Amino acid sequence: MVDIAVISGSKSDQLIVDRILGRLKDEGVSFEHRVLSAHRNPKELEGYVSGTDAHVFIAVAGLSAALPGVIASQTHRPVIGVPVSAKLGGLDSLLSIVQMPPGVPVACVGIDNGENAALLAIRILESGR
Amino acid sequence: MVDIAVISGSKSDQLIVDRILGRLKDEGVSFEHRVLSAHRNPKELEGYVSGTDAHVFIAVAGLSAALPGVIASQTHRPVIGVPVSAKLGGLDSLLSIVQMPPGVPVACVGIDNGENAALLAIRILESGR
Amino acid sequence: MVDIAVISGSKSDQLIVDRILGRLKDEGVSFEHRVLSAHRNPKELEGYVSGTDAHVFIAVAGLSAALPGVIASQTHRPVIGVPVSAKLGGLDSLLSIVQMPPGVPVACVGIDNGENAALLAIRILESGR
Amino acid sequence: MVDIAVISGSKSDQLIVDRILGRLKDEGVSFEHRVLSAHRNPKELEGYVSGTDAHVFIAVAGLSAALPGVIASQTHRPVIGVPVSAKLGGLDSLLSIVQMPPGVPVACVGIDNGENAALLAIRILESGR
Amino acid sequence: MVDIAVISGSKSDQLIVDRILGRLKDEGVSFEHRVLSAHRNPKELEGYVSGTDAHVFIAVAGLSAALPGVIASQTHRPVIGVPVSAKLGGLDSLLSIVQMPPGVPVACVGIDNGENAALLAIRILESGR
Amino acid sequence: MVDIAVISGSKSDQLIVDRILGRLKDEGVSFEHRVLSAHRNPKELEGYVSGTDAHVFIAVAGLSAALPGVIASQTHRPVIGVPVSAKLGGLDSLLSIVQMPPGVPVACVGIDNGENAALLAIRILESGR
Amino acid sequence: MVDIAVISGSKSDQLIVDRILGRLKDEGVSFEHRVLSAHRNPKELEGYVSGTDAHVFIAVAGLSAALPGVIASQTHRPVIGVPVSAKLGGLDSLLSIVQMPPGVPVACVGIDNGENAALLAIRILESGR
Amino acid sequence: MVDIAVISGSKSDQLIVDRILGRLKDEGVSFEHRVLSAHRNPKELEGYVSGTDAHVFIAVAGLSAALPGVIASQTHRPVIGVPVSAKLGGLDSLLSIVQMPPGVPVACVGIDNGENAALLAIRILESGR
């Protein structure tokens, strides 16, 4: 049993992931982390998402960041997306994450803002009915 | 007792608010709606936020949309921000809502995307520990 | 046996789809069209992509347009992405489609430019080894 | 009694603050400086704004820079906002500061342009009826 | 003797000017309005700016909006700039007005936001030493 | 006989070209590379394009990157464009390459993304009728 | 013998062309107009550019507007580029025209600003050594 | 008697100016250079512009770059504007220079592209009637 599942799309996002994990550890919630790309590991991603009992997902991705939206289409749990600045200052990943079509919601936080992703996940954990 | 509190910054956001409320009603969760500006009604806003027992907040705002962030600084509940396209196609409100400083998280959805705000709120309601 | 598979993410993209299909018909290549969202119909999408013998895919999508990239991760055929202007003049879908991570290529054409998607598909059909 | 109150949202804005303070000192006007975040110290901020007799406020903030607008909603004095470039070259803070809703005016100067904030404050000081 | 001088760069800005003048009239401050382009009427502009005893200037301009900056270089009074959306949603005039070089400050308000220009001018009028 | 022709507009694009050539070599397809500017070597460019029997073209260019479009107007083979980030984070070259007028298609990949250009070219090679 | 050659890339640019021609007629300079696309009529374009004795070229184009740059590579006369707003408010054509590589200069005027193209051409006509 | 007058708005633009002067020297045309700000030295600027017999002006400026437009309003000679990247990658100065109102034309070249300014000036010198 784990509270929060953190998934990053590439090893190059590790710096942002470390801030998330550090903050979650400080706050005393349980978590696990996987590196799984929506494009390169779709099967492993789907298997992991459907198999975990995490309450909240945090997805970290740069460029045309499909990861948070793909996870949101595979679970009914809340999914937090963290855009990473790889090109164009992160505007590409921000728009890719936040502009989801109606029906598949993603909770986007600021560019490279791992800390807020962790804090938002904890707020969600503590706010269910 | 109410599940979700929807707050919009101005009457001009009503079209987006209606989509949120309609969707929440369809899903059978309880909610209430207030029009309270972070800039023009700060006291009423603070009073309402501290007094409600809502589990999740949805804040709708255009232009330099401070409303979601201000609410997030007044509660420990999750706050969902909905940017409204009034100028620049909504880029101003999107950046104002999503680029929160570390420590005060807001869950941003897409521009004018009231439906996803409602759906994200319901996911959060159902996902607490 | 079909030459080109055209997939759109939503019925609201039909105007762009019609231009693609019209042009393909004019050029005398065979094609079929499906409305399948990467987020709302992931299983049907995967089934269709793996089952068709089309040589080239054309994927039409707006907002955070994950469709072309998801298809490209499910096939080794060339995938052409057509960004649709729904918000921000189409900048969101353009960046979502074109800024793919290394390893999963998508061939992006201009915003709402269905005609060029059709013409590019035909060039590809006629240029294999 | 002080002429100008300079408030910055974070210690990371200190470089811009130093340019403001240096210029104010050169010009021989009295001032004081506080680090108070609209999101993290709302009570202290409100107490300071309502308690000071400063004629003009200068608010320095990056990202989704709500500080100038929040101050402007708490005082009838002129408020000058200085956007700081933390992400996206400062476009986020610029739009957050300048695109205020009708009714709560903020005087925005250029990105990182502390000198002009100081000079504008002095012009205002010397121009009342 | 007049409190506020409103200058617009072109007759096409009249809609924004009307909102400014209406608000100033409501607030009971005295004002006058001129249509003077920084590019097409530089001499008349300079003559008017140096001759008026207005306490505050409001300059309204679209496109590459040089008017507020030019006025600010001709007076030591505060100058408020109002960007008008003629092309690119007003981003061109916003950047032209707000990104002034150090030494010549302009107080920029939001795109097409005549009301806030009027309100800011009144705050300035009432806040001198 | 060569599979793929790689053309770059300037020697300053060599870093991106090297990634393309390296990847093509790894994949075992034949290729050749020329440095030919659409603006500075139009005759040599036209001569090379009309003379080669390459199946696919990859064109690498920064700034107002006309090279891919000009090649596409000189051949009926597929042309892949790679925008290079020289100014504005590469937004200028991205828009110059992707926003082709109807009738002359270019397959655009991500900014500086030479690897995907190579992979897309290989997909095309293997997908003709 | 003609003073100014006006070339537009598409019939859809005619509204802007009409403003140019109207202004040139008013000013009493001689001119001729051709519709020639850099991508669809490269041979006719080159023939026309090399054959005319016009002193100045005005090139009107939207989207990835290669026309002005291609003309500038075929003549040593000054070339004025007029970006047309077809998509993204004209930002695509503006960047395509203005961001020319060193060595092939184009004189860019504002988006859809045919009048300034005409006036700039006349200034050039009257300013040679 | 001088062919080309180069005016820069600030000493911080010197790197771009040096490229212009170097290229003009190589090409054997006569020139002179002044550092004159439209905002800080309006009188000296106007005196210099009206007094010189230069055929062409090159104006170099960053931020809200009013210099080229102001010069164009003071002379009937062609004025070339060179945007300098100081903030936002130079997008602010590009839009400030290129988006001139109808009636006062400026010939804009690419961001930081001093070489093309020099080459365009030479083309103009050699192309009068």
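Residue numbering begins at 1 within each chain, and the chains themselves are lettered A, B, C, D, E, F, G and H in the order written.
One rule holds for everything that comes next: contacts are C-beta pairs under 8 Å (C-beta built on N, C-alpha and C of every residue); 3 or more make two chains touch, one makes a residue touch a chain.
Computed from a prediction, not measured in an experiment: that's the story for all the values here.
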Next item on the list: Among G-H, E-H or B-C, find the interface that matches C-G: by residue number, over half of the contact pairs should be common to both.
Entry: B-C
Checklist line | Whole-Å gap separating subunit D and subunit H, where each centre is the average of the chain's CA atoms | finding: 35
Next item on the list: Please compute the C-alpha centroid of subunit C, do the same for subunit D, then give the distance between them in whole Å.
Entry: 49
Notebook entry, point to check: subunit D to subunit E: how many Å between their CA centres?
Noted result: 21
Notebook entry, point to check: Going by the touch rule set out above, which residues of subunit A reach two or more other chains?
Noted result: 63-64, 87-89, 91, 98-100, 103-104, 110-111
Notebook entry, point to check: What are all the chain pairs that meet the touch criterion?
Noted result: A-B, A-C, A-D, A-F, B-C, B-D, B-E, C-F, C-G, D-E, D-H, E-G, E-H, F-G, F-H, G-H
Next item on the list: Write out the stretch or stretches of subunit H touching subunit E in their complex.
Entry: 9-10, 37-40, 42, 62-64, 66, 69-70, 72-74, 87-88, 91-93, 95-101, 103-104
Margin query: Can you tell me which positions in subunit F touch subunit C when the two form their complex?
Written below: 3, 55-56, 76-78, 80, 94, 98-100, 102-111, 113, 115-117, 119-120, 123-129
Note to self: Looking at the complex, which residues from subunit G come into contact with subunit E?
What the structure shows: 85, 89-91, 110-112
Notebook entry, point to check: In their shared complex, at which residues does subunit E touch subunit G?
Noted result: 63-64, 87-89
